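Order of writing sets the labels: A, B, C, D and E. Residues in every chain begin at 1.
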Amino acid sequence: SKNEKEKTENENVIKVGWMGSLTGDQAVWGQCELNAVKMIFDDINKKGGVLGKKLEVIGYDTKGDAQEAVNVAKRLTGQDKVVAILGPNTSGTAIPISPVLEQAKVADIATVATNPKVTVVDGKVKPYNFRVCFIDPYQGAVAAGFAADELKAKNAAILYDVSDDYSQGLSEFFEETFVKKGGKIVAKEAFKTGDVDFRPQLSKIKSANPDVIFMPFVYKEVALSSNQARELGITATLMGGDTWPSEQLITMAKDAVEGSYIVNQVNYDDPDVQDLKNEYKEKYNKNMEINGYLVHDAIMMLVDAMERAGEADSEKIAKALETTDIVGITGKIKVGKDTHNPEGKEAAIVKLVNGEYVFQKKYSAAQ
Amino acid sequence: MDMYYIEGILILSGINLMTVLGLSLLTGFTGMFSFGHAGFMAIGGYATAMMTVKYGWPFIPALLIGGLSAAVVSIFIGRLTLNLKGDYFCIATLGFGEAVRLILDNVQYFGGARGWPGIPNYTNLTNVLVINIIGIFLLANLIRSKYGRNMIAIREEELASQTVGINVFKYKLISLMISAAYAGIAGGLMGHYMTFLQPKMFSLVKSTELTIIVIFGGLGSISGSVLGTLILTALPEILRAFSSWRLVFYGLAVIVIMITRPEGLMGGYEFTPSSMKKLFSRIGKHKKNPAEDTEGGK
Amino acid sequence: MTQFLQQLINGLSIGSVYALMAVGYSLVYSIMKFSNFAHGGVIMFGAYFGYFFLTKYNLPFALAFLFAALCTAIVAVIIERTAYKPLRDRKAPFLYFIICAMGASIFMENIIIAIPSIGPTFRTYPPVLDKTPFTLGSISIGRLDALMFVISAICLLLLVYLIDHTKIGKAIQATSYNIKASALMGINTDFIIIAIFALGGFFAGIAGVLFGMKYTVYPQIGVITNKSFIAAVFGGLGSLPGAVIGSVLLGIIETFTSGYISSQYRDLIAFVLLIGVLVVKPSGLMGKTTEDKA
Amino acid sequence: MLKVDNLHVYYGGIHALKGVSIDINSGEIVTIIGANGAGKSTLLNAVSGFLKYKEGKITYKGENLPSNPSKVVKDGICQVPEGRLVFANLSVKDNLYLGAYLRNDNKKIKEDLEKVYTLFPRLKERENQIAGTLSGGEQQMLAMGRGLMSNPDLMLLDEPSLGLAPLLVQTVFDIIVDIRKMGKTILLVEQNAYKALSVADRAYVLEQGKITMKGSAKEIAENPNIKSAYLGTAKQKI
Amino acid sequence: MAMLEFKNVTKRFGGLTAVGNVDFTVDDDNIVGLIGPNGAGKTTIFNLITGVYKVTEGNIIFQGNEITNKEPYLIAQCGITRTFQNIRLFKKLTVYENVLTACHYNGNYNIVETFLRLPKCRKEERKLKGQTEELLEIMGLMDRKEMIADNLPYGLQRRLEIARALALNPQLLLLDEPAAGMNPDETEQLMSLISYIREKFGVSVLIIDHHMDLVMGICEKIVVLNFGCKLAEGTPSEIQGNSKVVEAYLGVEG
């Protein structure tokens, strides 16, 4: 009955939910993501839509708060009757919505929720949770592998945000792989979300004299900490993850991050990426953040699933998503049956050269 | 409106209400202002989840353990901080709340900052409702007893309370313990509703929200706490359509209520049969209210 | 040894940032006797004013600095007039002020996010100072840090002078002790309160601009003021020297904890210390304890 | 000099002053007597600008008196409030100097300070003590002294003998007479009606927010009703 | 028998000796006056007896038990209650609640009984209410029982403070300037009230006041302080005739 009602009501639109932070300290990413969704939906609709219908996004703010996320999920599935949900952009909000999704039988494609437990808990895959990004262990391992094998680093230091799940996850897996490869972690220093001064930690790192410093946190803090590191006379190579790439980083710390390496989800030299980036910049007069690229691929996954399912039915879409095998702008996306992760997605190693993100090579962790 | 969605809001209101009730005892009735109650929620949440997940206990006994552990921790904190006055106590509790979060961020046994997923979904509207009714019943009984009145006396005038034989420290501690226990149980409910716990959920912002609710509802009024919780949990949901403007309105609403109704919604009043009677008789007479533009002389 | 000195310098520079914020907060506390949790928001406004004066209007640095501080002072006064004055007129208890302050703080942070032309993006101040630090052996002192330290010191000295040696300072002191009695002395207390908020706002503006220059501008920078609240309590609420000493101590304690004990548990140790100090001295380091006279 | 005309003051719903009119001539001591809660302090607070009044007029030296405490002080009216309200955290000396806040004539201020110290030697002794820890009576002296420091033309004294030792009560009334000799005008509110009437020129009786009687201090003191109600010959009842 | 013994007690604030080596006693069923110039240390003595201030030197004995430096609430429970020079009521509470709160220590039920509102709790609550009403009746406050304490006229606030102090069934009642701010007529009423209370409740009273009619009128013994030290002790007529007291405190007119 649910489906019938929906059909009579909205003959020609397919409602897709979006959730993420429009306020709070993650708002930069959330707002960009929602804007990107709107833009991409417009494009798709201009080209005739999907299954002959137009796509419509209903987006709500989660503040990055788990409680709010649950409310939003209930609202989207219960009240707005969306066929699938895009987002959210943090693991802490993606994990608690699974029971809601399961009850409503609506699939969710998370954009940058990298915690493995978003899709799998206790070895069991959650039927309605998907994602387009690769996961923390993978990213951490890639970074460590690259540091040890390609940069020939022996000693590494880690600076991380103890109160952030992403940061804690990546540093954990970086450490694990790096030590396995025979390297040594000479310093592991923490700070707390909201901190702006990292010199005490960096001074300590400096005296440990590492070859590389792994800094898995968002670019604002990267900019601050790398500037401070250089100020203190630290010359080690800096490394980071997919939270680094942003025009902002260059404005804020161009010299400090020169020569650093990043494990990224996207190859910025790809032509498709350029189109999207420019279109966004033109439309919103802002630079696109990483979320924009990932949500683009999430939408591709969704559209592909809808087309294969042949109708905009939430359960059928969820089924179809399980057999996704496409190539998005962030790489190959083949959904793993037991993980719901994009398997075999290669990471792009990017180096900062003269204030540009220069693609180096594709790299996958040989675990 | 979809029932499923409304049910969700009600459950969350109920969970918040449980903490707010406790906080109302501490802030509204005993006059102590806490910025750390999210910390007690966190303790209760993790303790409850530990009992159900790691030791396989049934939900209700586990919840009691959650409440108990928060209360036990509150004894330690109380011993150290209850003699502090006003803002000093407030900052000390803020420190406590942040400290709890910081410790949990580092305890890998509970998943650290990355959180603890896979907690069974035991919380539902029925048990939240029943627990809240019990909570209100117990609290209302407490307030109407010498215990509650002693706390109110302490709020009004500490030195005078001492000289009428009230052991101020003891009653403050009792108040803190009970309020911590309520928060602990709320934390347990929350963990088993979200099926996930993460230290981030129990941030300073959460503590702040709770305190705002208590004062918004009206100090020293249980009905005010209930009403305040319902309104302030529902308000952001109603404003959801305004996306990024919604917290702007929320902030504005808080200010407007505070300056137009400085007693909070229900300051000092309760919904009881007798007060309702009084209220109606007053509405009848309320027509002419002479000037109120004075600044108090004494 | 070099590391010790470097950490000391790091601590001092962090402490001076806390101090600039704590002073404005403490100033308001001393008169109004409540924690003005909107102070963080006001500082954030200061940072944005500075940013826009520099980038949009291309004002010279000194001018932008001054204008930003002035505009911030106005914002602080507006908050006082709209959110606190009605409460003051009704003689509401201090809790209501705190809640209003929180409301204001939520409002301020989110209005910045919600206004499309500002939004949540991080913004970087145009480079004003040379980034290369001064070096002493292998110890480095950032130019901006040095500048901040100097500006903080000058501001604080000016403030001390203002309070201790001018007439308005006397009036401020008197008002902070007893508003009604001050009015009896012919002090225009309403004006004094506005002056205090303006002064606090002015400091917040300076803190905001310096902060923005150093750490970029974004809607949540107000959060950092939580630390300065703690510092002010540590030093003794309402006492300006206390606020400064508390801030510097907190900065140094934090640095040394990160540097020598554990950066994971830095804040924990700082909080434990805070509670320790309060247990021994319930009104902070410089706060006065008088036995309650019955 | 001061003229209060048909003054009405409300506290929320409480009608505290119900059309009070009084006038004071320059150089007079006028006293207002009345039971607890009659509205005496309310009247003084309204004059000194702390309370806004609903109806009525207060004129001072022929001009409308602004309803703003600091302006009132500027005009030369100074209230020594009930309950003293000294600056509890400041020293005795600082308190006295604050009394002279609106004055700029430093030399005269010093002289006045000495004058206050001769009137109240106790204050000189305790010059550097924190005012909040003074005894009740000491605080009362301080409040009077501080009032004098503003060098007012009209002093409003609200129960200046409250809580003072008998010896000091006498002193305070002596001082009041002295102050008048200095050319100042005094409006005195007192519970100690007997003493108040003995120094005053004229008196008003305030009962439940209304002036019920007025006249020269002598007349009032001899009125049998006043005698029984305020001068303490009424017989005991609980 | 001596109910309260104040033995060589000294209290210093920094360099200031507020009370220096004072000793006196209050006997059973007695009204004792404590007088002296402003700042002589009278209120300080009350604060020492009730544990608000800590004693620097000396001992305070109540009914044979040492109570020096005990917590104020324990002293109250021992049977000493007081009023304050600056009234300290529970301002926002009603007259009734003010007294009820003070009656609590007679209420004998525990927290479990409270939470479940067991019959024991109800019974005890009824008892407390009865006691409160009885006391309000005696003190003539019954008709104002629902008024907020802060809105009471000054004289009644003082009376309420006394009622609150009596609610604990004290053996010793300390009154700090109960007649301050009262006119002579009201003072006379207060005098009869105090005498009545003494008879009705069988309490001893230690009273500070500057109204000589009151002190001389009802006290059986008077202790005079000056500069923190005891200046004289004796019956009212002895004190009135003591030239030192006249010089330091009473003045010629008395």
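Keep in mind that, in the parts below, a residue touches a chain if its C-beta (ideal position, glycine included) is under 8 Å from a C-beta of that chain, and two chains touch if they have at least 3 such contacts.
The model shown is predicted, which means the values in this text are computed figures rather than measured ones.
Trainee: What chain is the most remote from chain E, judged by the mean position of CA atoms in each chain?
Mentor: Max centre-to-centre separation from chain E belongs to A.
Trainee: Count the touching C-beta pairs: is C-D or A-B ahead?
Mentor: A-B
Trainee: Just how far, in Å, is the C-alpha centre of chain C from the one of chain A?
Mentor: Taking the average C-alpha coordinate of chain A and of chain C, the gap between them is 36 Å.
Trainee: Please work out the Cα centroid separation of chain B and chain C, and write it as a whole number of Å.
Mentor: 29
Trainee: Can you compute the centre-to-centre distance for chain A and chain D, using the mean CA position of each chain? Integer Å is fine.
Mentor: So the centre of chain A lies 74 Å away from the centre of chain D.
Trainee: Once you find the CA centre of chain B and the CA centre of chain E, what distance in Å lies between them?
Mentor: Going by mean C-alpha positions, chain B sits 39 Å from chain E.
Trainee: Residues touching two or more other chains, restricted to chain B: which are they?
Mentor: 102, 106, 159, 244, 247, 295-296
Trainee: Could you list the positions in chain C whose residues touch two or more of the other chains?
Mentor: In chain C, residues 110, 113-114, 264, 267, 292, 294 touch at least two other chains, as defined above.
Trainee: Give the residues of chain E touching no fewer than two other chains, as numbers and ranges.
Mentor: Where chain E meets two or more other chains at a single residue, that happens at 13, 43, 52, 84-86, 88.
Trainee: For the complex, which residues does chain C have touching chain D?
Mentor: 167, 170-171, 173-174, 177-178, 180-189, 191, 288, 290, 293
Trainee: Show me the residue ranges of chain D that touch chain E in the complex, using the header's touch definition.
Mentor: 14, 33, 35-37, 83, 122, 129, 133-138, 140-141, 159, 162-170, 191-194, 228-232, 234-238
Trainee: Under the touch definition given earlier, write down the residues of chain C that touch chain B in their complex.
Mentor: 29, 34-35, 82-83, 86-87, 89-92, 94-96, 98-100, 102-111, 113-114, 226, 229-230, 233, 237, 264-265, 267-268, 271-272, 274-275, 278-279, 282-284, 292, 294
Trainee: List the residues on chain A that touch chain C in their complex, please.
Mentor: Residue positions touching the partner: 22-25, 27-28, 31, 162, 189-192, 194, 196-197, 199-201, 203-204, 207, 219-220, 223-224, 227-228, 231-233, 248, 251-252, 255, 286.
Trainee: So in the complex, the part of chain E that touches chain D is made up of which residues?
Mentor: Interface residues on chain E, with respect to chain D: 13, 16, 35-40, 43, 85-86, 140, 151, 153-155, 177, 180-189, 191-193, 196, 210, 212-213, 248-251, 253-254.
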